Structure formats: C-alpha cells, structure tokens
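Read from first to last, the chains carry the letters A, B, C and D; within each, the first residue is number 1.
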Amino acid sequence: MLKRIAVLTSGGDSSGMNAAVRAVVRAGLVSGIEVFGVQKGYQGLIDRLYEKLTTKSVSGVLQRGGTFLQSARCKEMRTEAGLRLACDNLKGLGVEGLVVIGGDGSLAGGLAIHQQGIPVVGIPASIDNDIPYTDLSLGVDTALNNIVRAVDNLKDTASSHTRAFVVEIMGRNCGYLTVASTIASGAEFSLIPEEPYDLGQICKDLRKRYQEGRNNSIIMVAEGAGRAEDIAAQIKDSIGFETRVIVLGHYQRGGSPSAFDRLLGARFGRAAVDGLIQGHTGTMTGLKGTAIALTDLKKVTQAGIRPINPMFPYLANSLSV
Amino acid sequence: MLKRIAVLTSGGDSSGMNAAVRAVVRAGLVSGIEVFGVQKGYQGLIDRLYEKLTTKSVSGVLQRGGTFLQSARCKEMRTEAGLRLACDNLKGLGVEGLVVIGGDGSLAGGLAIHQQGIPVVGIPASIDNDIPYTDLSLGVDTALNNIVRAVDNLKDTASSHTRAFVVEIMGRNCGYLTVASTIASGAEFSLIPEEPYDLGQICKDLRKRYQEGRNNSIIMVAEGAGRAEDIAAQIKDSIGFETRVIVLGHYQRGGSPSAFDRLLGARFGRAAVDGLIQGHTGTMTGLKGTAIALTDLKKVTQAGIRPINPMFPYLANSLSV
Amino acid sequence: MLKRIAVLTSGGDSSGMNAAVRAVVRAGLVSGIEVFGVQKGYQGLIDRLYEKLTTKSVSGVLQRGGTFLQSARCKEMRTEAGLRLACDNLKGLGVEGLVVIGGDGSLAGGLAIHQQGIPVVGIPASIDNDIPYTDLSLGVDTALNNIVRAVDNLKDTASSHTRAFVVEIMGRNCGYLTVASTIASGAEFSLIPEEPYDLGQICKDLRKRYQEGRNNSIIMVAEGAGRAEDIAAQIKDSIGFETRVIVLGHYQRGGSPSAFDRLLGARFGRAAVDGLIQGHTGTMTGLKGTAIALTDLKKVTQAGIRPINPMFPYLANSLSV
Amino acid sequence: MLKRIAVLTSGGDSSGMNAAVRAVVRAGLVSGIEVFGVQKGYQGLIDRLYEKLTTKSVSGVLQRGGTFLQSARCKEMRTEAGLRLACDNLKGLGVEGLVVIGGDGSLAGGLAIHQQGIPVVGIPASIDNDIPYTDLSLGVDTALNNIVRAVDNLKDTASSHTRAFVVEIMGRNCGYLTVASTIASGAEFSLIPEEPYDLGQICKDLRKRYQEGRNNSIIMVAEGAGRAEDIAAQIKDSIGFETRVIVLGHYQRGGSPSAFDRLLGARFGRAAVDGLIQGHTGTMTGLKGTAIALTDLKKVTQAGIRPINPMFPYLANSLSV
C-alpha cells in the first residue's frame, strides 16, 4: 500500500491546475496516503522545495487560476545529472508515486522519472489543447471562455464603427483555440498553422463583405500562423480599411477556472491517485467522451501534436458566410 | 435537393439555442436552402408563426442567452388534431425538413412529426442533462457555470461567518447539475434523486465538521431530491447552526452562453442540416467524445432519463472530506 | 506617534472589505505602525482573537469577496460588560487606534469604544447603502452588479417565453439596491419600502402591457416592501399570467469585488489610517463626490437610514414605459 | 413645447452609450416628444442617416456594449460647410433639440451646433475619464472592470511563475484608468502622463522586491506615458527578469456595461431630455456626487483635460509597498 506521494505542476500555468492538485491531495488523504506538494515544478524537485499538504493547504484554491504550487521551466531536468538528482530527492523523501501536471515537455519529464523507477501518472494541462489522447487538456475551456469574452468586447466596438480587428491567439503549433474561438465568437476568419491560407483571397472576401455593407470583421490568427501585426498591415495596404490589432497574450491563460476545468481537474486528480494506487503507472489521464482513461506516457510523448478536428475549420468557414 | 427547411426551439429555454439556430440558418443558406424560423415552438407551427431567416436575422444572436425564436409549451401538439395541423402547415409552407431544438418532450414531438412524413432532426437542449445519447445537452455548460459562480459568491459569505447554506438546483429527475456543481464548486454535500441519502448522517457529519473548526458548509440539493427549505429546517433543528437557503431557480438557465455551448450549438446546428441533406432523418444530434453522431429519435425517446455517471457522486463525496 | 492599531470587520460581509483591510495594513506599515487584525468582529475583541498582519497577510485578498478576518454578530458587545472587556483587551494589546469596517450596528459599536477612550475611525460597509454621510457604502457596487447579472439571465428566459418574474432583493429598510437595479437592468416595476405602491394598479399595468404584446415583465421588490412569493401570488390570481419567483438572497452579497469597490475600499482604508494618525477620530470615512471626507460617528449614528434619492424611483418609473 | 429631438453617439464607443440612448428615447416618448436616432455620429447628420426610434427600437440594448446607433469620426464636421449642412439637415427634419453622446471632440461639435441655433445637451462618454465637470464619464467604470479582470488573470500567471508584466492601458493624455486600475488590481507600479517617473528607480525597486522574494510584479503604463514594449525592454536589460508585455487595446472598451454605467447612462439620458425641455441647453450633463448637474458646454470645452485626483497616484504608490 502507498504511504506517500508527491504532486507538481510544470510548464505554462493553466486554469484548473489547482483543482487537480486539490483532488490529488484529498483523494490521497482519504486513502490514507500522505501527499507532498513540490514547488516550482521540476526545479523544486532538484532544489528540494516541498512540503506536506493538508486538507487546509488546498482549501480555497479551487476557484483560483494559475497554480499555488507555482511552476517553472527547468533546463537542468533535461540533463542526466538533473534527472538523477530529482529522482534521488524523491527517493530520499520516501515518495512512492508522483503526479505530474503539465504540458508535453512536462509529461516527457514525468516519463523519464518513471523510467528511473519512480511510478508516475501525468495529467495533461495546457491551454493549447495540443496533447494527444485526451479530448481536452486542463485549462483549454477557461482559455476559450477568456478569448470569447474578449472578442465579444471587440465586436461591440467593431460593430459600432466600420472596422476590422486582427486578434492574435496563443498556439504555436496548434490552432485549436483559434478555430474554436472563431466558431464560438462568430468571428469571420480563422488562420491556423494546420491549414494553409491565402491572405490575398481573404482581402478579396473582406472587400466583398464591405461592399455588401457588412462592414466589420474579426480575423483570428494563431501565433503559429502569423503575426497579427503583419497580417493587419497587409490587409490595410490591400484594401484600405481601418484595421486594429490585439494580441491577447497571457490574458488568455489565467482567471478563475470555468466549471468544466474545475470538474476536469477534479476528475484527473482523482484518476491519477487511483492510477498510482492500482499500479497503472507510466500513464497519463485523459478525457474520452464521458470517461477518464489512462494512456501510456510513451504513446503520448511519441504521438506528436494532437491533430485538429477537421470539422472545426470547415465549421468556422461555413458559418462566417 | 432540399429547397426549404424550418427550425424551432421548444420547451424550457437553454443558453446556446441561438447558436444552434444561427448555425442551421447559415449552414442552410450556404447549401442553397431557405430556412424558416418558427416562433414559440410547436405553438407557432399550429398558429403559423414563421418567417424566412436571413444571415442578418441571426446576426448578433450568438452571444445572447435564451432563444430569439421564443419557446412555449404546447398542449395542443399532444393531440392528434394538433399534430395534423402542425404537419399540414409545414407542408403548406413547402418545408421539406424540420430541425427541432429542445428537451425530451420536444424531441418526442419531433419524432411524431417525422412519423407523419416530414423529415426531422432533433437537437438536444436542456440544462438538466437528462437526455440520453449525447455526452452533454445544449445549455448544461452555461447553467453549470452560472451555478458555480453563485456558489463562489455564497462561499465568500459562508467562510466570512460560521454558516451553512442549502442551495436548491434545477433537476427534477436528474442530479447532474447538482453533483457536477458540487465537485466544481467544492461544496460539501450533494443530494440527488438518483441516490438515496441519509439526512441524519449528514447532520452528524456537519456536527463533526464544526467540532473540527470547519465551520461553514454548502449543501447542494437537486429539486428532485427534496426542497432546500425542508432540508435546512431539519439541519437547523438537529444541530442548531445558522442555516440559510437559496433557490437558484431561473437564474441558472439564462445568460450569455459559455464558449462550450456556443461551439456545441454551432456543431449541432451544422450536423442537423447535414442530416437533413443526407437523409439521415428521424434522428437526434449528439456529442460523442470529440465527434457529433446521430441517433434514432425512437431510441432516444424510449431510453428514459440519461443515467448519472457513478463516478460523479463518488467524486463529490471523496473530495469533500 | 502611533505605534499599534487594530482593524476588524463586523456585521454582514460585503465585497471590498478585504480591500479596505489590505489598505489599512499597508498604509499602517508604510507609516511605521503595527497593525493587528481582529477575527470575527467584536466577538474576536472579547475572545482575544487577533494577530499581527503583515504585507504577506493581505497578499492576494484584494480580489476575494467576503472578509478574510471573518465577521460575526455579537450580542455581548451591546452589554456594558462586553464593551468594557473589549476595551480592556484592546488596551492590554497596546492598541492606540481601531478601524471598524461594517454597517450601522457595527459603527455604533465603534462609537461606543471611541467614547471609552480608544480612538476609532469607521468605514461604512453594507450592501444595502443605508448608511448616511457617504455617497455609497462599500459593497453596494458589487451587489448591484451581481443583481444586474442575475436579472440579465432572467430576462433571457422571460423574453423566450411569455412570463413574469418577481425578484426579491435585499434591503429591509432601504430600497436602494432594488430601485438602482431596476433602472440598470431595465426591469419594469420596482417596489421599495420608501414609497407606497398599489399592487392593483401594477396588475392593471401588467395586463395592459400584455395586451400590447409586451409579454414579459420583471417586478423587483425589496424585502422590506413585501415578500416576492406573496406578490407573485396576487399577480397570478389577478391576471392569470405564469409568474415565477426568485429570491436572490446571499447570492447578492459575495463575489470578487468590482473595480469600484476595490478602489473605494483602498481609499477608505487609507483615509481611516490617516484619520487615526492625524487625530480625526470618532469619525467615519465617506465618499463625497470624488473626495473622501470624515464625518462624526455621532452624526452618522443619529441620522437614521440614508434617504433614497427621489430621482431614482422617478427614473425607474419613467424608463419602464 | 418640444415635438421632436434627435440623439447621436460620436467618437470612440463606450459601454453605457446604449443605456443613455434608451433613456433619451423613453424619456422623450413619455413626455410626448418624438426622438430620431442619427446613425454614425456627425457623419450621419451630414448624410441624413436617421430614423424615428420607438420603445421597441431600444428594447434589449441596455445590456449591450458599444452603440447600436454606431459611431464614426467625421472630419467634414470640422469644416464650416459640414457644420452648416448638419444644421440644415436637422432643421429640415424639424428637430428642436439634439443630444450628443461622446468625448471632448464630440462635445465641441455639439457646442458648434448649439451656436448655430439648434439647442444641444451633451453627455460625456469616454473611457479615458478625461472630460471635466463630471465625476466620471460614461464607460469609465466598465473599462475599469475590464482592465481589472484582465490583470487578475495576469496575476494568476505572474504569481505562478517568477515574472513581471508590463500592461499598456488606454489614455493618451489621461492616466485615470491606469492609476485607478493599479489600485484596484493591486499592481505594483503605475506610469501616467500626469506625473514624471524614473524608470531607473523602478528597476531598482523591482530588483529589491525580487531579492526579498516578492518575485512577481505588474507595471501598469498609460499609453501617454510610454510604450509597454519599450519599458519592458529597459527593465529586462537592466535587471534580467523575464518580462512580458500585454497591450489591452480595444478589449478595454466594450463588453456588457457595468451596473454603474447603465445607471449613469440612464440618468444622463433622462437629464439631457429634461435639459432640452426646460431650455437649459448648450450644456453637458455631469455626475456631481449623487446628483446630476448641467455645466455650460463652453466651460467644458475650454477647461482642457480633467486633472487627475492627486490622491490616486499617492494611493497607488503607498499600497504597493
């Protein structure tokens, strides 16, 4: 029987991480397992920044964005020496299982620790929704709501004036947030890294729209598909409309988590502890329809970027007519 | 090829209905199909309250809660004469397909029309999440966010004082909203119609919590599991704590739809039109993981209430420790 | 020069109390004054529940509703013995000034302590806006936003169906929240304790509205002007419309404070400390236009309920035409 | 007695403009006055874009950001010919009074029309809060809430990592939004055009904070006080911290108006119509404490930028300690 486990959050923060940590702690305690919280992600493993978490430690964190354990990117962890030190520290602490909450890099780190003999279960957390083997990653839903609320604001101004906005959305390799928020906000154009686009054609479409009296437009662009400023400049040069740029940046990331992300975090956290207890380790929790399923971390890390659902770009196009 | 279809919203309104209607209209228009909007649900079919919808008719509706087509409950539709009149009116209008957006009763009405020879595709919309063959119904996510935001507010007061709240949530036969919002808001107890509960035990637990200094509690109760006022009275009698009641009522239903519901509404609307075009009628759209699938309306209406995921009550209990 | 002061929150919690405490602490520290936080209001004074507050104690509290110092209603404080004990404890702690944050009862308690020789400055905090000598009390703006957001939700449903809602708003003696939210949400009727109303006339107006096809209505009622349930029953009996009731209750009180309340809390907190430093004690901070002014607590407690601005009922009526 | 008036919105849109237009329309109708809505600001006066507004025209607009009448900047209006044409059109339409809703430039235009013999009352609407003779302009409160919500999001990330953010806020000549949101969000530094600042000293302070373990900071900068990108670059060069930039841009402007702005819009709208009826024209409505007062437009346009309340920068500094 497990006596002691640890939990850390790593990489870019996402809303719902606190819900997951809270569930890990409470699911652990209810099963008679001590839970240590590691601060600042893998850096904290190396620097021995950890403390025992109680019910009270996670009281009031559910509704807060970010991660109260803090996070960091840690280069040292990618070296053999760093990895060994991290594992030695975990063993020294008597930890028999580790829950890693983070994105692809963080999960790869979790796999490496697992391969050193310390059981690991990962939880996919990334606003980009680029992690495979889960319908959604933790934090995506909150980010999507943040974006949609911002675009609602912009639409008020866009429709009050005759104006186009180019909105830059997070997502270096993955257009999920961009295309999903295009559909959800009723924006007119969606530029994502997964699909080629023809800016000349977009300018033609824009001109046609304006001639028909539909004189405001929102163009959503994933950072992996181009810089909003460049695209706005080209549109302006080509058709002469007043075009404004907004880069939503880190605004997208934080904020009190949505109900969906709190629920998902709770379910992932509980499933991760169950995975450690039942010995289904070296895995990642994932949402599959209405169920939570575990997938081998090896499969996850080898699968590359989660592909975009082809219905989404199709829908974004056909609804903006 | 289809030339003309109609769309209506029926039963209790839910957020995202407008997104679905918008998608039906735009998906229709882009395929060269005229779309008529029927007002006030089946009543409007009987009273011939319909008009052609254009791109402009659905401009600006995406971010609005409720249904701009209006809804109503219609007893006449349950009579043979009412059904025949509705169908005759649809035929008189030259409608070759109908999209029905609503809950179980509304979908049953859609099936009846389909059986009269007018192709129907249904879209499940109900904040209760009681409709089978879809992971989530349209409007559930927004309602859940509404509830969680309200409970966040109550927690501020509960933790500022020494106080218990009993919160009554919608759901006559279905505890989904109650149990999901319990997990998502970190409430302490969840009473749902699907599971028996022991109020005496809850009072004991509450007393124990207070003795441990955890002196505020939120008890969530689905309307199908008891009246909040009665439960609060029993708690107060039994343990003497100051206990307040709040019945969230219709506050839960409306509001600008969440990103999830806007996306789901758009996907359902598009899929319904595709179903009509491709002849997959007498069906209901459903979310299955990341895909939209059609299920026979007969199967849907015969299946009864969607069962609660047993992990949810388990999670609600184990996290509130 | 002052060396040590204390701060407490008392009575019903209101959003922005944390902002005020934070400002008291930081303004104190920056002036070289130690600040003690008293827990659970006057009860904490009697039970000696206090601890030194640091910059870190108030880190992260600004965006949280309620009061992290907790509050309570305290009967003992109204006895001579209770008052003496509270004062003795404060003197024993070496406190040379006290900031009291709360409503009319709490401010009266502050005056009593002041009259015992311990300098007090009060901060008006009450969602009812019933405290005189300030344009607005702390927490009113957040409560108003909570109400307006809820009524926006109800309007979605009301306008999707043919339906009336009666909404019960906090305010036993004071209709401010009710009449202000009527104007801000575009509700149709506003019943407040300060003004007589004729329910028969309202029923006539409702019937006329429905005959004109304006078939949804929101009736806002302050708890001091009647119970929503009774009013709904009378409307239903009299005109036969489907009428729903919602009692917003404690939902109104909490939630992350609005920008206005955070700013007001900060300004009040700073002004209270300045008042203690400069010897302007036995006073209450108040917003007067764009300035913060101090008024004698005696004047405040003797003035009775803040009267309603007569323009507000007039406006509520004339805009709902 | 007045028979016909007109209303327009001009310049940058601000939340609450719809509330003001709605109040003008309803206050007019209830007094037996026809109200014409002019589209696209002064451009619409010149191009004769106006139509009669009814109760129904303004139904549902209260909760929407922007302006349903649309706005525009209009160069032609600054020419004598343009002004004359606008006035001729108004006279041709039989308009006996005009309500102008907008910022300083728009109010100057209103004064010009007034001087041509058509009675005008202005309503100050500008998110910058740069208009004198009113405690707050219409739209400021909503913008402030937008900003504070965004900074709350950023704080989640900032405190999850070790990170500084530089946030650029609207306000070319006026630091109100910047300094008020600094206080309300608990940001650490506030750079505004009204006050000199020493970036070297700020870098020193930042370094000191980090050495004390307070390793996240938010620096708010008004666009009139410097570009966020430049300031971030200097901070990074000087102290080597990871520093991110976010330019909130038009996100600040729109969104469903706050309760405060809806109330203010309603009061301003009503007061403007009363001003026209009572012949107090050539004026602007203003909030003075709890009252609405009219000030001569000439005084307003000659007074220059509204000065910043000196307590605000003082408070921003002293609370960030």
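Criterion: contacts are C-beta pairs under 8 Å (C-beta built on N, C-alpha and C of every residue); 3 or more make two chains touch, one makes a residue touch a chain.
Everything quoted here is computed from the prediction, not taken from an experiment.
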Could you tell me which chains are in contact with chain A and with chain C alike? B, D
Need the most distant chain from chain B, centre defined as the mean of C-alpha atoms. D
Interchain centroid distance [CA atoms averaged], chain A/chain B, Å: 27
Suppose each chain is reduced to the average of its Cα coordinates; what separation in Å results between chain B and chain D? 39
Taking each chain's centre as its mean C-alpha position, how far apart are chain B and chain C in Å? 35
Sites on chain D at which at least two other chains make contact: 152, 155, 159, 256
Touching chain C in the complex: which residues of chain B? 9, 13, 15, 64-67, 70-72, 146, 149-150, 152-157, 159-162, 165, 244-255
Along chain B, where are the residues that touch chain A in the complex? 19, 22-23, 26-27, 29-30, 55, 60, 62-63, 135, 141, 144-145, 147-148, 152, 155, 159, 180-181, 183-186, 256, 258-260, 262-263, 266-267, 270, 288-290, 292, 309, 311, 315, 318-319, 321
